[in-house]
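Please go over the structures that come below.
You will see two complexes here that share chain A, one where it goes with chain B and one where it goes with chain C.
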Partner chain A sequence: MTSLRIFFIGGLMSYRAMFGWLNPWILVPSLIVSPICQILLFAYIGRSAGVGNDEFYVIGNALNYAAIPCLFAMGATIGGEREGHTLGIVLVTPARRIPLFLGRALPVIANGWGVAMVGVLAGVLLLDVHVPSGSWPAILLVVVVTSASCTGLGLAMGAVALRVRESAVLGNVLFCVLLVFCGVNVALDDLPGWMATVGSWLPLTHGIAAARLLADDSSLGDVTGLVTREIGVGAIYTVLGLALLRFFEGESRRRASLDRT
Partner chain B sequence: MRSYLRQQRICYLLQLRVLSTSLFDGLLAVFFPLMFATAALLVYRIKDDPDGMQYAGLGAAIMGMWTCQGVIASSLLTRERWAGTLELLVAAPIPLSRVLVPITMALSTIGLYCVVATIVWERLVFDIRLEIASWPLFVLSVLMSALTLALFGFFLSVTAVRYRTSWSLGAALEYPGWLLCGFLVPVDLLPDWLHPLSWSIPTTWAMAAVRDAANGVSPWGNLGLCVAVGLVYAVVAAYLGRRLVESARRHATLALT
Partner chain C sequence: MTLAVEATELRRTFRTTTGTVRRTRKDVEAVKGISFHIEQGELFGLLGPNGAGKTTTIKMLITLLLPTSGSARVLGHDVVADTREVRRRIGYVFGGDRGLYERLSARDNLRYFSELYGVPPRTQATRIDELLELVGLTERDRERVEGYSRGMRQRLHIARGLLHDPDVLFLDEPSIGIDPVGARELRATIGNLVEMGKTVLLTTHYMFEADELCDRIAVIREGEIVAEGTPAQLKGRVSGGRVVEVETYGVLEETVAEVGTVAGIRSVAVEERGQQQVLIIQCERDAEVTQAVLARLGDVRVGRVTAREPTLEDAYVELVTGS
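Take a look at the complex of A and B:
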């Protein structure tokens, strides 16, 4: 019961705290304007190069942008506590770490889902992309899975932020890696083999492929394999993140490096 | 004159050193556009069209300059505010513009690193050998692009002074700039109503001049327009900077707390 309280109430408090700094002056440029502009940029690059269609770039880039809140918010979970000088207090509590950190991940997943859907809807409206009405529920589900998977990577990044102070740089680097390797703008088949292999072990890749198939009128049953793989990849990063949190927490206690800035 | 040049030189070198040692402003400012250039080049590569790769290669090389300037310049004064040095800069016995321009020039220098890094990256990773008809005119066009972007950055820095979270505004300018300046997409391909917006950015003309120099066409017309637009921004920024500082002093709003 205590773990459930930590999971839900802790997660809710973390979400509310996020809006202490994620006010409309930051939220609108960062999480609404930027994803729409990224979608337009690559849709026009595709038109200029004569490669792909608008739907391909709308789905790929909208889901890619879900990585921004998923990576940065999880990084901020650690970094924000450090800046607020509350990280030590959080880590000396007897609360179990799994509900503590996964509870914080829940609102991040919702945020990532929202950002991706804003991108998809904007792409549909601005670029006149047609998505069959029957596909929307399945797309909504796949975007949730993809955001959760990205949040797993964000948790691992947040754990590394216990040691690496430049979590903003780390988040941007990971975002770029996802952009290039995950079939966001170039189908995996058109990427060099080694890049496609790396991409298949990253979050986003299978989710994007599934969402594209759904937008092309496939059914949820047709993409079960891709969705399962996306869940699997997300689970791997989540477990890795929790393991890294445990390791770096122990290291920071031994080396007294928790509040080092 | 001598003291003016000395102040400009010291301020420029100091800021360049600060930026070069920052992971966020130095390394990431080069890495981030480089990865987007990579993504764009991967798209163009699918067609296996040498003309397309030349077009994208030139644009990708220059687009990083926009990131270095547009994103960071917007939050220049906010950063000084965070560091607690904004009041000192405003109280200094020289106009604020004489402090800001060397900083934006230092940002443009980071942008030049980015140009070189991208050209080397394109050569090594994509085997793109950029065909440049006139290297002197190409280099001149790139340098004019850096110079006018510094003036544009000066304009951005003073206009965003009252925006408390100007860093997010700067980050949001990144993609529109890449789209509007014709780096990877011809301006003609954009909707007609966006064309005037493209023409109002000096980098659009600088990019056209870079392409002219590469294609063996005279870039002087586009370079002239690039300088003219850049100077307009400099004059407006100098005027706005003075007015905003006066207003902030009168209303005690410099700290925005």
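Take a look at the complex of A and C:
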């Protein structure tokens, strides 16, 4: 019961507390305006270069932008606590670490999902992209899965905040890696083999591919393999994140790393 | 009866590195094998200057740091092997205005930590109400913490530390930066905790606070305990002497050192009071040092010269300056 409450209620309150480092009046517009700008930028680059189509760029960039809350909000729930000197107090509590940190992922997944869907809807409205009405439920589901797998990577990144203060910088690097390697604006088939291989081990890649197929009128059954692989990749990063959290918490006790810059 | 806290030969070494390409490593011994114990229901003070090892000691006792060697137990539970059991039974409060979720209200801060400490949902609201009442924040419980004064934040810290009704409370400089009225209220709250049967380990720089509250005190200097006893026993260490205070303006360190060489003087400390530097001179009871001190001061402008009985602060200064 206690662990369940920590997972659901504690996770939600921790997410609210995250606004301690960022004003919601800045955060919310940035999560709406920025993805739309990125979508428009690449869609018009594609149009002027005569490559791809609007739907390709809308789906790719909308899902890519889900990585912003998934990476940064997860990093902030741990790194922000370190800055606010609450991390030590949290770690002194007897709360079990898995519900404590996984619970923080739940609102972040919803946030990532919301950002991606705003991007897709903006593409439909502004660029006249057509998505078959029957595909929407499956797209909603695939975006949830993609946000969740991306949050797994965010958890691993957040764990690093137990060791170093610069987790936000790492977030920028990872966002860039996802943008280039996950087939966001250049199809995986057009990337060099090694880049495509790296991309297949990153979150987003299979989710974006599945969402594009669904937008092209494929059924959920047609993309089951891709969705399963997206879940698998997300699970790997989540387990890695939890292992890193355990390791770095131990390190913080051994090396007093919470007190260091 | 099981001891509330028992530290045996507790030691903690930190490794620091400097440089990026040529990294130089250096080991710093923050706590050098200290031993002490605290009985249940006792209020124990750990006094010492900045960097003496007080916070490091507390962090080892609350399971945030592993000792390099030695052992510590809280209510019979080892701080290394039984961390969860220790964490269930302790509360930790530190000074300063950080360590709270700024954009959450006081009530939500307490609700969050209630969840982390596993306070049963049925009793949670009542417990939070009681604690807000205890620390005098009931009227402003739904306001965001970012608008709180330092004193209010400190009282909220105390409430947070008490949420799960811990048996042992670690208060690390809780009154730092609080105004005199707030500090008095805080001392009253700490006094109440002991009346409620809690064990408290308190670190503070304020001697009158330690004198008023503590049953026993350990003075820590450069990672070692240099004295331990009741406030009266510690005062007794300098009670055979006398304190002379000399107000000066612009005295140099070398001159202070020269004053310290006068026969009959045990130690000299300098306290900055606005533009004045007040020399606090501990000397033998029968020693007549005033003329010799004034002679050593030479051209330094001197204000009032007074003599008084030693206080706990004098004992502390003598202990931490190692004279």
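As a working rule, the second predicted complex is superposed on the first by the 251 of 261 C-alpha atoms of A that agree within 3 Å, B and C clash if a C-alpha of one lies under 4 Å from a C-alpha of the other, contacts with A are read in each partner's own complex, and residues count from 1 in each chain.
We adopt the following convention: a contact is a pair of C-beta atoms (placed from the backbone, for glycine too) under 8 Å apart; a residue touches a chain by one contact, two chains touch by 3 or more.
Computed from a prediction, not measured in an experiment: that's the story for all the values here.
On the superposed chain A, the two partners chain B and chain C both fit, without a clash. In the superposition on chain A, A:Q38 contacts chain B only, with no contact to chain C. After overlaying the two complexes on the shared chain, residue contacts for A:E166 are found with chain B alone; chain C is out of touch. Judged by the touch definition given at the top, the superposed model places A:R254 against chain C, while chain B stays out of reach. Judged by the touch definition given at the top, the superposed model places A:W201 against neither chain B nor chain C. In the superposition on chain A, A:G10 makes contact with chain C only, while chain B stays out of contact range. By the touch criterion defined above, A:A49 reaches chain B but does not reach chain C. Annotation: superposed on chain A, chain B and chain C show a minimal Cα-Cα gap of 10 Å. Contacts from chain B toward chain A in the complex involve residues 23-24, 27-28, 31-32, 35-36, 38-40, 42-44, 46-47, 52, 56, 163-165, 168-169, 171-172, 174-176, 178-179, 184-186, 189-190. Contact residues on chain A toward chain B in their complex (touch as defined above): 23, 25-26, 29-30, 33-34, 37-38, 40-42, 44-52, 166, 168-169, 172-173, 176-177, 179-180, 184-186, 190-191. Contact residues of chain A toward chain C in the complex are 2, 5-6, 9-10, 13-14, 16-17, 19-20, 84-86, 88-95, 100, 252-256, 258.
Interface residues of chain C, counted against chain A in their complex, comprise 14-15, 59, 62-66, 84, 87-88, 90, 92, 96, 98-104, 108, 111-113, 115-118, 121, 146, 160.
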